[in-house]
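Below are structures written as structure tokens.
One chain, chain A, appears in both complexes that follow, with chain B as partner in the first and chain C in the second.
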Partner chain A sequence: MAELQQEAQENVKPEKIDPKFKYEVMKHPGAEKIQMCFQCGTCTADCAIARFSDFYKPRKIARIVQLGLKNRLLGNPMLWLCTTCFTCVDHCPQGVEVSSIVRALRNMSVGNMNEMPFIYKVFASNVLKTGYVYLMPESRLKRRGAEGLPPLPKSNVEHVTKLFEATGFLETLENASTFKNVNLKTGDQDG
Partner chain B sequence: MSQGPRIGVFVCHCGLNIAGVVDVEAVTEYARTLPDVVYAVHNRYTCSDPGQEEIRKAIKEHNLNRVVVAACSPRMHEFTFRRTVSEAGLNPYLFEMANIREHCSWCHPSTPEAATEKAKDIVKMAVAKARLLGPLEPIEVPVTNKALVLGGGIAGINAALDLAEMGFKVYMVEKKESIGGHMAQLDKTFPTLDCSICIEGPKMVDVSRHPNIEIFSFTDVLSVEGFVGNFKVKLRKNARYVIEENCTGCGECRDVCPIEYPNEWDMNMGVRKAISVPFDQAVPLIYRINKDYCIECYKCVDACGDRQAIDFSREPEEVELEVGTIIVTTGYDIYLPEEGNVYGYGKYSNVITSLEFERLILAAGPTGGHVIRASDGKRPKVVAFIQCVGSRDINKYPYCSGFCCMYTLKHAIQLKEHYGQDVEVYIFYMDVRSNFKGYEEFYMRAREMGVNFVRGRVSRILEVPENKNLIIRAEDTLLGEPIELEAEMVVLATAAKACDDAAEVSRILNITRGTDGFFMESHPKLKPIDTPVDGIFLAGACQGPKDIPYSVSQGSGAAARAATILSKPSVKIEPIVSVVDPEKCRNTRVKCGICARKCPYGAIRAEPGKPAEVIAAMCHGCGTCVAECPADAITQMHFTDAQVFAQIEAALENNPEDKIMGFCCNWCSYAGADLAGTSRFEYPPNLRVVRVMCSGRVDRDFVLEAFRKGAGMVLIGACHLPYDCHYIDGNWKMKARMEALAKMLEKLGLTPDRFRVEYISAAEGVKFAEVIRDMAAKMKEIGKERIKAENAKLKPFIDRMFARKGR
Partner chain C sequence: MADLEYLFFLGCLIPYRLASYEVSARKVLNKLGVKLVEMPDFNCCGFPIGPVNFDLALSLAARDLCLAEQKNLNILTLCNGCFGTLNDANKILKEDEELRDRINSYLQQVGMEFKGTVTVKHIVHVLTEDVGSEKLKEQVKKPLTGLRVAQHTGCHLVRPASHVGHGDNPEDPHVLKELIRLTGAECVEYTDETECCGNPIIGVNEDLPFEIAKEKLDHVKAAGAQALITVCPACHMMYDFNQPRIERAFNTSFRIPVLHYTQLLGLAMGFSPEDLRLNELRVKPTELLSQIQ
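And now, the complex of A and B:
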């Protein structure tokens, strides 16, 4: 992160700008409309994270994608701050899905840098094991029964595994390094 | 008139609007005591049908020959009551209005007694003026039902075609060789991307073929004289050295001509022959020899052969026209950055203007529609457009040029359409202004196509010596960081400016220009097409930068405005004009002519040795000349010195030291006072207002007379400087006059605060009320004793001055 901040103090030089980068991002579902962003800032005003973070501003992320300053984005832990609440998507006057763009950038980051937050790895292995992101404790399952709720449907873990293998996600999951926390103020990662 | 004045006074309750504050009965009673008042009544609603009927009946029954209605503002109902009295056989100018609503009841609700006293004074002033009113007849002048359209761009074309279709004869004058204007230079038009010449060309041909339109191209206007309905225009047809009637436009002469020179039409990027037309679709299609380049080899003469269209002995020819109206459609020019500009225009070969880009991307242009770089003839893969070059810059042109955002979007879209992802387009902008129908969608389309937008004003452009690429420096204000970008071509959206000969046109037509150099409309909202000169109208970009749809609408609008004059055999002019007394005019004895110089409309002729003469049809009735005349030889009808003096005397008869004597111009400050009333802004009831048409009418003597009669304070209310005056610059004349007077009065011991000039617009009711509050407070502070002492000191001096003038 220190490196990123240093870069920000210099001029944005021609060699840093990649006008084609946005087309890469646009290939991801939901990110198609990045070109339509005219930087009104509604997304940032609404963002649950932006108000706590000095640098996670959806508008600014969209701008950086438009300019193609990809070094600032790919592998940047701040991408993982998005809660995917989709308020930005709901309120955008131009139909830009910043949340989806951030998801696209996360995917590109993991693909390029082989790095993801620890918790994502936990979620993924949960899905792999049970088909659920969250592993429900036995006590909770019992209480469901006591309250008269039906048992949770069992997922076909084999299918999930095949899917993980086919998409290459399984390999990514096995090899990716992890970090535990992202500092809201500085965006630095630790753990 | 055989008998003396017999005045009827009609006091209106206006429901409770007036009667709720002012004791209308007392006012009526008081009116009966005034000299020459033979009849006075009050009425609930004087403007209603029964109210008007009462006036008509009273005129007949009581043999009234003057009528005063004490009610609302004359700006509201003067016209209504003028009609009422004329229906009863009285001349409409024998009517006077006393404004006891906007100027009294509405602004003094908490002091009903003082308001009633003020209302009495206002009625007294109106009666005093009414006693001196004389009948006036509207001046009627015949109309020549032909029009002149000055400028053959798209606005002029539409104006001419509309008028011609209405059946009027139209002369179209164009200084260039072809009509069509800037639109004919463009490739496509936003936001529909129609080919420009494909939609304008047929209209140009329509103009040339229309039996009611006569085109004078390659022609200058030398002079315009006259007035509404009766303009005399002198033109000079420049020599083409080609006989217009004989030229068939075949172009065989061009083919044999050996000489080429830069074609201005192509922004000098292409060439034309010494005998040629600027572009193939030129209308009229008449060739021209440019003698600056022609070597007189006479090959063209041979090529022309029997047609015998070429005549090297041609001279410029003068033509005189008579027209009833003039529509000015002289358009705009493009600003070209001067030497040493920060964007390197003129220094770096790959920095061009948008109009040059327009000629590059045009299929019929010098490169056949290929966008190529001047440095190496290669197609640029990265093109940057820089917005607001010269525009929105107080050092150049402070205004927004209006259409640059849209044409730059058009250029960007065209590049993307031509070359797709093989070209990267950047637009450096401060704001994208894409209002009007279909324009925002066009901006969306540009973004959809992948045009890159950078919000930030470019500070500097540097050339890379090796490849002639350009490094653009700006701040990406959305990122909040300085940014550098390397482009292979830079296109500057330079400002649209008033055309180079706008000053000349303004002088010839006597129409005004704003600080921006464009022609001024009569009123920014309600008279956007009229000029201050009756019978002269504006359309298109000569009034300010405009895109095509706007120019077309204005052209049609101007045609409709012109038709309101052309369709009548004669026009009536309000007779509140100035008249010179030839006995008093000193121009017969000395070289004076001050009135002629001060008249904003050039309506006064002062030839040496002869008395000055006002051309009534050109006079707008501001009265500036009256106030300026050193011999008091000029009178403004309906606003005579005697009438104003009578009003001052009436206003200041009782307790003058408590009163503020106000002189307010009809259009701004009087209207501002009306608005203060309408808005119910309360202010102290010390003010007494004399309405004049223009502050330029306020004579020094009015101010002096007010102080001689003991006034506590004097206020002159005018339109805002520099351009709000409805008579072009009457307020400036008043300013100069009153600054000198103020100095003199101060020397004579007057406290400066007691004489005040204020500029108050029709929208500034708040300001009007504030000014009066402030003046009333100051008046109290100064105190009656001091006012009396100062006035006593002034009086002998003013008496002596007036005695000299025989007042």
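And now, the complex of A and C:
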């Protein structure tokens, strides 16, 4: 992020602007109304995260999309700070689903830059392997019986794998590099 | 569809970490005449996949919805995340024809088709809308009179309001409060009741969710609540499992027990603390239990 900020001046030169970027974003479900954002800042004022972070400001994200400054957003680690509480979606007077725009940008970052937070790679790999987000320890599965709970059904891993393949995410997942943390002080990745 | 019969979507976090929620929910639902049909070979709702590939998340959710459609049963979840994700997928796939066609083209690979014939409900909706307050009142055999608790409804049960439906007010949620009052306990108000637990980003930054959760626990403590009541395993993990770590990080002490609503209701229905696995909570509700016994 620090680097990205240094680059900011250079980035706003016309040749760095991608006028079609907002249309790419708008193709994603929920991100259709990005152009309706008139920068009132309600999303940022009411954001659970923005008050703790100098880098995660939903109003700015919306503006950068509108301006087409693609390189300042895609791959920017601060995108991963949204908790998806959806307060911004409920409060936006223009009906913009700000949180869905962040999701679109995360999806595009993963797709274009081939990079995602480590935890998401772990979760996705677990789902691929077992159908569940967590690898259930054998002891816990056994304890279910003792607790009078029915066995946890085996997920249909074959189906899950086919869905990973069909959506093209299997390849993305295999090749994706990862980072561990988003540093709140610098807005950059750690680890 | 028979009344009060649902396909039970357990999700991942509950069997992994929070048997206390599952056990207590099954006990109270059974006593209330709610029939849970076990869900065969379900998969993750798609919640942690949405951020990396929304098409895949929708496909995973749609596969679960298809399983319910095949059984002609509505889904019941205990988790806000599973509810939000499945309900959202159900809504947008019903409304967006182009997107539905695309997701159905993926589902074709596994011999399934999303039709949009079932509804997704969280246990809170089943208790309020289907079981109803009259039936709940009848089953409250040991009212928790004198107990003062606070509620944390959580985000994905009520937001985004346009996607969720079910009539709660996300700015001032009242549904869980009413459910708490039915147990005879008092539901105290506190500052910033709608604040997010922060759990979804704990994997990329721990400090921030801890700070947010600390604020919540500060407010709950200031209101004089003897316990915090949750209806989501992720929120519960944040306030119960992580509470000692938050106390250490901020050099403070809360000792606020965090109960699943089904445990609170279970106590009021006359189940024992052991039946409801209250011993599995990280912050032991010793004082609370001695008061009600």
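What we mean here is this: the second predicted complex is superposed on the first by the 167 of 191 C-alpha atoms of A that agree within 3 Å, B and C clash if a C-alpha of one lies under 4 Å from a C-alpha of the other, contacts with A are read in each partner's own complex, and residues count from 1 in each chain.
One rule holds in what follows: a residue touches a chain if its C-beta (ideal position, glycine included) is under 8 Å from a C-beta of that chain, and two chains touch if they have at least 3 such contacts.
All values derive from a computational prediction rather than experimental measurement.
Engineer: Taking the superposition as given, does A:172 touch the first partner, chain B, the second, chain C, both, or neither?
Structural biologist: second
Engineer: Using the touch definition from the top, say if A:52 reaches chain B (first), chain C (second), both or neither.
Structural biologist: After superposing on A, A:52 lies in contact with chain C but is clear of chain B.
Engineer: Report for A:90: first if it touches chain B alone, second if chain C alone, otherwise both or neither.
Structural biologist: second
Engineer: Regarding the shared-chain residue A:134, is it in contact with chain B (first), chain C (second), both, or neither?
Structural biologist: second
Engineer: With both complexes superposed on chain A, which partner does A:146 reach: first (chain B), second (chain C), both or neither?
Structural biologist: Neither partner.
Engineer: Just to be sure I read the superposition right, which of the two partners does A:63 touch: chain B = first, chain C = second, or both, or neither?
Structural biologist: First partner only, chain B.
Engineer: Chain A residues in contact: does chain B have more, or chain C?
Structural biologist: Counting residues of chain A touched by each partner, the higher count goes to C.
Engineer: Name the contact category of A:82: first (chain B only), second (chain C only), both, or neither.
Structural biologist: Only chain C is touched by A:82; chain B is not.
Engineer: Under the touch definition given earlier, write down the residues of chain C that touch chain A in their complex.
Structural biologist: Contact set of chain C toward chain A: 10, 12-13, 15-17, 19, 22-23, 26, 38-44, 47-56, 58-60, 63, 92, 96, 99, 105-107, 109-110, 155-156, 159-162, 170-171, 194-196, 198-201, 203-205, 207-209, 211-212.
Engineer: Provide the residue numbers of chain A that touch chain C in the complex, in ascending order.
Structural biologist: 28-30, 48-49, 52-53, 77, 80-87, 89-90, 97, 99, 103-104, 106-107, 110-111, 116-120, 123-124, 127, 131-134, 136, 140, 143-144, 147-150, 152-156, 158-160, 162-167, 169, 172, 180-184
Engineer: Where on chain A does chain B make contact in their complex?
Structural biologist: 8, 11-14, 17, 19-20, 22-23, 35-36, 38-39, 59-60, 63-64, 66-67, 94
Engineer: Which residues of chain B touch chain A once you look at their complex with the stated criterion?
Structural biologist: Against chain A, the touching part of chain B is residues 421, 424, 432, 444, 447-450, 452-455, 471, 473, 476, 478-479, 481-486.
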